[in-house]
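The following block contains the structure, expressed as structure tokens.
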Amino acid sequence: MALTGVLRPGHVQIRVLDLDEAVAFYTQILGLVETGRDASGRVYLKACDERDHHSVILRKADRAGTDFYGFKVLNARTLDLLETDLRAYGVQTERVRAGDLLETGERVRFHAPTGHLFELYAEKTEIGDTLGYLNPDVIIEDRKGISPVRLDHWQIHGEDLDGSRDLFVNVLGFSLTERILCEDGKTDMAVWLTCSNKAHDIAFVRDARSDTSHHAAFLIETWKKLLYAADLMAKRRVSIDIGPLRHGITRGTSIYFFDPSGNRIETFCGGYSFYPDMKPYTWTWEEMGAAIFYHTRELNERFLSVVT
Amino acid sequence: MALTGVLRPGHVQIRVLDLDEAVAFYTQILGLVETGRDASGRVYLKACDERDHHSVILRKADRAGTDFYGFKVLNARTLDLLETDLRAYGVQTERVRAGDLLETGERVRFHAPTGHLFELYAEKTEIGDTLGYLNPDVIIEDRKGISPVRLDHWQIHGEDLDGSRDLFVNVLGFSLTERILCEDGKTDMAVWLTCSNKAHDIAFVRDARSDTSHHAAFLIETWKKLLYAADLMAKRRVSIDIGPLRHGITRGTSIYFFDPSGNRIETFCGGYSFYPDMKPYTWTWEEMGAAIFYHTRELNERFLSVVT
Amino acid sequence: MALTGVLRPGHVQIRVLDLDEAVAFYTQILGLVETGRDASGRVYLKACDERDHHSVILRKADRAGTDFYGFKVLNARTLDLLETDLRAYGVQTERVRAGDLLETGERVRFHAPTGHLFELYAEKTEIGDTLGYLNPDVIIEDRKGISPVRLDHWQIHGEDLDGSRDLFVNVLGFSLTERILCEDGKTDMAVWLTCSNKAHDIAFVRDARSDTSHHAAFLIETWKKLLYAADLMAKRRVSIDIGPLRHGITRGTSIYFFDPSGNRIETFCGGYSFYPDMKPYTWTWEEMGAAIFYHTRELNERFLSVVT
Amino acid sequence: MALTGVLRPGHVQIRVLDLDEAVAFYTQILGLVETGRDASGRVYLKACDERDHHSVILRKADRAGTDFYGFKVLNARTLDLLETDLRAYGVQTERVRAGDLLETGERVRFHAPTGHLFELYAEKTEIGDTLGYLNPDVIIEDRKGISPVRLDHWQIHGEDLDGSRDLFVNVLGFSLTERILCEDGKTDMAVWLTCSNKAHDIAFVRDARSDTSHHAAFLIETWKKLLYAADLMAKRRVSIDIGPLRHGITRGTSIYFFDPSGNRIETFCGGYSFYPDMKPYTWTWEEMGAAIFYHTRELNERFLSVVT
């Protein structure tokens, strides 16, 4: 078959310091839709054009950060096969029962070499995007705030980048689309990986601070809507890290900003279409600035230092 | 693996009445790049952001139309497997030697039940898009005319729609994304199929005129560039069928127009991202107008009657 | 001074058959803001980025059409001077008392040779666009529906086009920006006039049906927002006349549609910047199609026949 | 009349260190069109949608900066009247003979209180924008590089801001659209002035460095074309000061960059439509950051310190 295995980033559980403040931010400014709360107090949200029950789970905690990263896979059989493959590769896995997350089937969990907790799942209740499946309209009305269309990708940091890269490529079937080399001209400083036609579904950065998150990204439809997003952030005094800007990597455009707890979020737009017969792009150490911030060709200190 | 099997529409051989006039149209107005001519006089072209040697082949003939439709597959092993699967399904296949098309490997040919000649191939020389793979820039300069980024999809007509649909779904791994039902509310009048995250890679329409083409489509980056395309067509007196317009199907936007030989071409923009866990959309007979031309909700006679 | 005399189309009173239905249409679909109702039952509306109290007045009547067209002038002294000039030119004028329209000062009324009732006024209460005048933000939030930024221009029809054209040019200081010639190659079939940097503030078309309106136009910010407008019209089953499309005249883009009473409305976008040292454009009779609908180069029957 | 007096910024003479390098920059990267060279070696350029012979004159010199700023006025009679008014206001004026600048009529020169040399003129040969005036097309083809549509405005610095502001408002008929106040909450730190429907045609900033220029600005059509401009600058290693960004003032969007001689240039897009019945906006000292760079709300050192 043509599209198989791991489909896409499906959900992420983010820790927030003040739940009410976070919900207000994620619904009124970022413009996600609240779809449920569970017995433990977690709040579930989805982007306007997502059809599954949720893509973001907010959990109150005493420090910011990300609990786990979930990928949806094609079906239950794929879930079993991937679990088998992970174990054969030497990765310990654990099953989380269906219903532990609202409206979500069994999840297969594992830790990647960079320390992050990942999970795979095949089932989540489809609640739709308001358009239905019979003679649908083309626009979703009553969108609020920035209103991204979907959860798009993550950039996460850890020491054993090579380990996580190889696991995603060799076991989970991801393709390498871009890399930044270290000063030695050989070792990967950062890698961008995809399981789809997107230019990236996940990025790993080599960093002594294992199991940390640089950002979760949400997809914006146009460069003009990215401008609106920045205007709204400025009006509501959201803490903008940097942007709107152009990436060299992926050719995408972007704004980085912080939720009220200090988790960095990206609104991302664009990116070329990837096919697995394409050669990956390589960026040298000297051109890392242009790789990340194509116009200024210089990184800012905050962008490099803050992870959660 | 995540992206496997058939990758994308890779090339199409179009018949034109006057080769010089056609080359002028496809390079100066549509804005493809000529990449070669072969001993038999065929002209090879590619879109600006395509990396393989060609996606369009123009052949001089005494009537317009399409000779064959080629899909690129992941690799040589996939080509062998798909050939085996086709034969197991009862489809006769034929190998065309490497080099028959410039810079192209062996092709596996077969006729679909709608009468069209398809081919699969795994190898074509990568000539790049001018950006290179080391510290690439983000824009391609010196683009001419309309300048689509790639060949996108085809809509083709034939009597045994069910046969071609089932072949593409069951053997080639395509997914059904949308359908229009006949007046009986059961039979498919038209189907849209994808082998990727695109909302469609090919569409089949039930039509007594088997082995005919409605249009070949090229991807445009934005609705604004689609306006420029229409402006340029009007300035150069290209025969516009209809557009710019919005489709209900795929949510895409479009202009339909004719090359000097009467082949209908589409410049297409947008379309939602498809994943194989998504339900297909169904359009009823009564809403066929909105399915195709979402704003006016009415088809025009020429759009229905002209195929080549 | 640099900007003097007549400033811009300031308001228009439109007749509607069902007031509730009309208010629902103009506020929820077109997306104007209701700002008041007067003792006679008229409803006042403004566009989101207009600062004066209103630009549209809806009056219940038993047939559609336009009661009068109001231009704002620089100040009270200008109002007096223009009244004097009109009378000197042989035009009868009448003063309507301040307060006859809500929040509006005295108006000077006159009939143009094409039969239309115009009025000039210098004062209308400024209620703002929500941004204020101290450290303003750059976006207006909570916009509904199509949400044009302002009333833009009118196209109106009448027999004595020459008379109205000369009155607007010679007395009111308008400049001719474009014209379509009649079949004789000499007489004006239609003229576009401006009192600002806009490509047109009003257009007159020669037509035996004097004192009729072809459309009132509202300004949309981008071609992309025009697409959204058409999508929303289609979703809400608004009667679209034609569009989205490109005009040859003004280089603007447009959708024409009808309010529930049958008044034609245009959402207009773009248009070049005009300065009075620029030569006017002339369109010949044969190219009238391209002048109006640049891509198709053909007029539709409904566009020509329906006026109110 | 509705549009009278001073029409628009018409030309600017810029000093460059290396003429060949400058011409290459202004034609191939900025994308102006060279229209002539005079006996003294000056190079004349225009933007693609300007119709007069030139808007930029490059003069080789041993330091960067601006020689003079020219405004076009309505006609010869207006030129005489404004000269009379200037003298009545106590400003010395000088006539420069027709032909001193190629294809340009007599110019009336004067120094503003901020030290800058201005000139007014009524005549310049109209060479058109390639579209002609009979059945014109809507797009200009073969545009190169960034390709702004016109010269838009200047920001210039000097000590006696009050004097220049009053001269432009009281004698030349400009309107104040926005101001930033000094720390005292009363004095103008900077003022934005217009003679048209533009949000600004010129800005004065209070600065001990009299007769200096902060930037000359060229108009870009869309926020998307501004992104392309930045991409092209990055690719060609143009020195970008800052951007793409949003201004609080004017609501415009922008990139600031330097020509090879160090003259700062702005590509500007947008800005609200101004009418002289509108109240000016006031920005307080504390919000100067947001006034200039709306998203980050912080000025950069280079933006403040470099003038030529």
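For reference, chains read A, B, C and D in written order, and residue numbers begin at 1 within each chain.
Operating definition for what follows: contacts are C-beta pairs under 8 Å (C-beta built on N, C-alpha and C of every residue); 3 or more make two chains touch, one makes a residue touch a chain.
The structure displayed is predicted, hence computed values, not measured ones.
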Problem - Interface composition of copies subunit C and subunit D: same or different, split at half - result: same
Exercise for the section: Count the C-beta pairs in contact for B-D and for B-C, then report the pair with the higher count. Expected result: B-C
Completion exercise
So, in whole Å, the Cα centroid of subunit C is separated from that of subunit D by 32
Completion exercise
For the pair subunit B and subunit D, the C-alpha centroid-to-centroid distance in angstrom is 48
Handout entry: Inter-centroid spacing, subunit C versus subunit B (mean Cα positions, whole Å)
Key = 44
Fill in the blank from the handout: Residue ranges of subunit D touching at least 2 other chains are 137-138, 222, 224, 231, 234, 246, 290, 294
Completion exercise
Residue set of subunit D touching subunit C in the complex reads 1-8, 49, 51, 72, 74-75, 126, 133-138, 150, 172-175, 194-198, 222, 246-248, 251, 272-273, 275-284, 287, 290-291, 294
Problem - subunit B-touching residues of subunit C, taken from the complex the two chains share - result: 222-224, 227, 230-231, 233-234, 240, 243-246, 253, 290, 294-297
Exercise for the section: Could you please specify the touching residues of subunit A with respect to subunit C in the complex? Expected result: 137-139, 141, 222, 224, 228, 231-232, 234-235
